[in-house]
Structures are given as C-alpha cells and as structure tokens.
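Here's the structure we're looking at; comments come further down.
Going by the order they are written in, the chains are A, B, C and D; count residues from 1 in each one.
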Amino acid sequence: MKENNWLVLEKKIKFGDCDSAGVIHFHNLLRWAHESWEESMEIYGINLKEIFPSMKYDTKKIFPIINCEANFLYPIEICDNLKIKILPKKINNHIFAVNTTFCKDKIVVAKAKLMHCVLDIINRKKVDLPESLELWIEASNINNKIESC
Amino acid sequence: MKENNWLVLEKKIKFGDCDSAGVIHFHNLLRWAHESWEESMEIYGINLKEIFPSMKYDTKKIFPIINCEANFLYPIEICDNLKIKILPKKINNHIFAVNTTFCKDKIVVAKAKLMHCVLDIINRKKVDLPESLELWIEASNINNKIESC
Amino acid sequence: MKENNWLVLEKKIKFGDCDSAGVIHFHNLLRWAHESWEESMEIYGINLKEIFPSMKYDTKKIFPIINCEANFLYPIEICDNLKIKILPKKINNHIFAVNTTFCKDKIVVAKAKLMHCVLDIINRKKVDLPESLELWIEASNINNKIESC
Amino acid sequence: MKENNWLVLEKKIKFGDCDSAGVIHFHNLLRWAHESWEESMEIYGINLKEIFPSMKYDTKKIFPIINCEANFLYPIEICDNLKIKILPKKINNHIFAVNTTFCKDKIVVAKAKLMHCVLDIINRKKVDLPESLELWIEASNINNKIESC
C-alpha cells in the first residue's frame, strides 16, 4: 500500500525559500504545511475542486484557518530533502487541526499545526465538516498508528 | 499637489524579500509592480473593491496579466529605499500596460512591465476597459509629462 | 512624539495577499509580523544593516525564529487598512518575542507572535541580545503602557 | 532513460498559488520557472550546494537574473497538473537563458524566460559560466531535439 500513502510526503528546499541567513524564511514552513494538507487529501482521493472555492465550481463550505503555529528545532537549508508526516485531528463538529512534522534524515527539524474551522461560504456561519474530510481524518488516524517518521 | 501624486510611490526592501545571494529574490519585483499599480489607482481615487473580485462585491470585469517583464540593472538590497515611478499605457480597447521604474538614489535599478487584458468575469470574453481605468490612464499620461524620477 | 512612534504601524491589504476564498492567505500575516518588527526597529533608530546578514556587512549575530503563532479572529479582506500594534518581550538573555496585534476599525482581527533566539553567526551558539535590541525592547515596554489600539 | 529526464518536470497548482480571480497569481509562474531550473540541474547531476550561495559552502559565482519575462496564454487554476518543459540557451560566456514552457493537457498555457548573468561572488565582475552549467546546457540542447511537450 506504499503508493497510496497519503500521510508521508516529501519536499525539497529551493533557493528562493531561503533568506540571507542561509536557512528557510520561516513562514514558508506554514505554506508547506497547507500544501501538504492539500496533497494528502488528494492522494487519499478527495477532489480538491470540491473543497476549495473557485469561480467555476459550486463549493458550499470554506475552511479558514483560525490558528496556526510552527516550531523550528534545527536549521532547514537549501537542497534539504524533508519528509513530511501528517496527522489530522477532529476537534469538534466544525473545527479540525492538521499537524505536520518535518524530518531530515530521521530527525524532526520542524513542526507545524493548522487549525481550521468550517463555514458556510455564503452566510459564514459554522457548519459541520464535509463527509469527505471526516473520512480522511478517520482513515489518517487509523493508518497513522502503524507509521513512523 | 504633491500629496495627491499617484505616480511616484515608495518601497522599503525587507529581510524576507532577499535571498541568500544578498539581493532581492527576482520575482518580488513583479509583486511590487502589481502592488504599486493598486496603490496608484487608489491614491488617484478608484475604489479597488470595484476593481478586484471578492465574494462580497459584484465586480463585472477581471484584469488578468497576459505578459510581464522585468529588467534588473543594479543590485537591490535589504533596507534599500526605492522610489517607484508608474506610467500606464492604453494599448487598445481591452488591453493596457503598466510600466514601473524602480530608482535608488536617482539611479534606475530595475524596470517592470505588466500587460493586462480586460475580460468579462462570467464568460471570460474581451470587454472594454472600465471608465475609471481609462481616466486613471489618461490623467497619468498628462501628469507624467512634468515629472521625473 | 506621534511621528516617532515605532509601535503602531499601518498595512493595506493587496489583491495578491488574498486567496480564492476572498480573504488573506493565512501565512501572509506572519510575513507582515516580521516586516512590522523590522519597520519598528528602524523607526526607533536601529540600523537594520547591522541586524540582518548580507554579503556586504559584517554582522555577528542572527535571530532565527524558534516558534511562531497566529490567531485569526475576523476576516481580513482586500483593501482593508490594518493598524498594527507591536509589543516585544525579553524572555531571557538570548530569547525574545515580538507580539503583533492587527486591528481593523478598532477591532482586533488577528494576532501574531514570533519568538526569536540570538545565535552567533559563525558557530551558531546562543549569545546575548545585542544592546540595540535590548534598548528597543525596554523602550517599547515603557512606551506601550500609554498607548492603545 | 525516462527516469533520468531532466527537461520535463511536473507541477501541481495549490490553493495558495491562486488569487481571488480564481487563477494563479501571475508572479508565481516565475517562481516555478526558477524552481524548475534548480530541479532540472539537480536531476542532471549538479550539486546545487556548489551553485547557490549559503553560509556553509564556499561558492565562487552567483547567477543573478538580469531579465525575466512571462506569457500567459490560458488560465491556470487550482489542481491543474502542469508539465514543465525546460530549454536553456547559452547567450555568451557569462550570460545564459532558461526557457520554460508550461503545458496542460498538451496545450501550452504559459511560457517564461529567465536570463542570468554569471558574476564573481566577491567583486561582482562578470565571469565565465561554470563548467557544470555549460555541460547541462549542452546536454539539454542535444536531448531537447528529440522531445516534445
């Protein structure tokens, strides 16, 4: 089932990700955390066009971030190959968190956490998580018990 | 009329704009060119919420970029204070260009050009420039004749 | 002393800051928090070229972020004018935090916190805060007691 | 030799790449052009740590961009899978260009061109292309004759 694994991704650090201190400019890590969330859902089988708003598709819910956090444990530098491990958690019916752990050669170099709420796209009231997201979270938590960084 | 001048703006280079070669990472210049266009229109008196699409406002036209170009003449470094001079040109009824010149201590260090077309937001067909943009372009060209970097 | 105030800054939201959900893409807030820190130090009188590494200046210390966090309380949209209030805190001899509060029409719409450590640029060992940063933190804490959003 | 192909890469459009008009925010294309250049060199076998400056490695040359250009032919939207084709050209002993073509379902949707010069990292005078880059350009031009989008 290796090819279907939606919880361990990879990322290569690019020149433009780093600043003149020679390490990644910090907020890029949060961008990668979001992109990893997207990638994970897609590998799992969710059609992202049904998740994210665009002018063409009639999405009903949006997932704004209400809190995000990142910890930087070791320097991340150009050309580093990071392994990204994802673990989502349902907090309640309309809030979920996505935890991401960034590893370099088996060492955890950074962690990020994005907390999303689920809102109706029109009236911006809290609504329940869509079923596809519920399933992705459940499957991730079952699958995650047997994986390691 | 100095305070109302919508054609000469300022920009201070930040740490995160630069890469490990110690100069701005090139594509940021194009971001500033776009932001300068926005700022110029707003100082001139255009309500940007009527120009750019959002979920709340009922905009009718969009302005996708069909071509962009930038020239880098001298290094741009952290803490540099740039003066940005703007000169738009109407190309035809549905295409216009925004030229930006970036100066440091009276020396031109970079130039950028963004070429936009005007499309109907629904059917994506070419439509005429909105009147507010036409007026901004005309006024800019008259005003620009008496300004220098 | 209004003109010299280094603790209350302003930021206008641009088109490119927002995503297709019509609000700012979340990690931009952390970029602005960092840029606000830079701007605040500069207004206070610190020469940023002595703070941030470049190829031309012989800086001795770097200030990598070890933790960052952001809370989003209300939507931030294109053309919003934000007032940014800054409050730094010294944690110990080699760690400090910069708190930023983003207000729209007197309402707090978001908060960010960047925690930096101070390292020797060569051997990457922990070192004391530079004197200029110590003074900026002290002055900010005295000044902040008489300000409000 | 499919696995070793350094001239045709892939890119998936993310939510954060797009703006509220529902298409990619234009300057991201130039970021991808640069990242594709990096990725291509690396797949070919160049050690990027010898190419890009950092605090740890003793690079001798830098490759600032002197001109960049992009053309947008068709909308690029979230979840689009782009195929990126690269073709570098040596202009003279110290200038080279990297052309990138972005295809969606065999249709060219955008093109970018980055023109780099080669400078000594210390005195910033023009110097010759490093041998590794010369070889990558040569091999790319030979290889490219038998490839198509």
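Here is the rule we go by: contacts are C-beta pairs under 8 Å (C-beta built on N, C-alpha and C of every residue); 3 or more make two chains touch, one makes a residue touch a chain.
Everything quoted here is computed from the prediction, not taken from an experiment.
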Computed over C-alpha atoms, the centroid farthest from that of chain C is that of chain D
Tally the contacting C-beta pairs at the A-B interface and at the B-C interface, and name the larger one. B-C
From the C-alpha centre of chain B to that of chain D, how far is it in Å? 25
Using mean C-alpha positions as chain centres, tell me how far chain A is from chain B in Å, no decimals. 33
Taking each chain's centre as the mean position of its Cα atoms, how many Å separate chain B from chain C? 27
Residues of chain A engaged with two or more neighbouring chains: 15-16, 18, 20-22, 27, 31, 34, 52-55, 78
Residue set of chain A touching chain C in the complex reads 20-23, 26-28, 30-31, 34, 52-55, 62, 64-72, 75, 114, 124
Listed in rising order, chain A residues that touch chain B in their complex are 15-16, 18-20, 22, 25, 27, 53, 55, 78, 121
Taking the touch rule as given, give the residues of chain C at its contact with chain B in the complex, in rising order. 12, 14-16, 18, 21-22, 31, 34-35, 38-39, 42, 48-49, 52, 54-56, 77-79
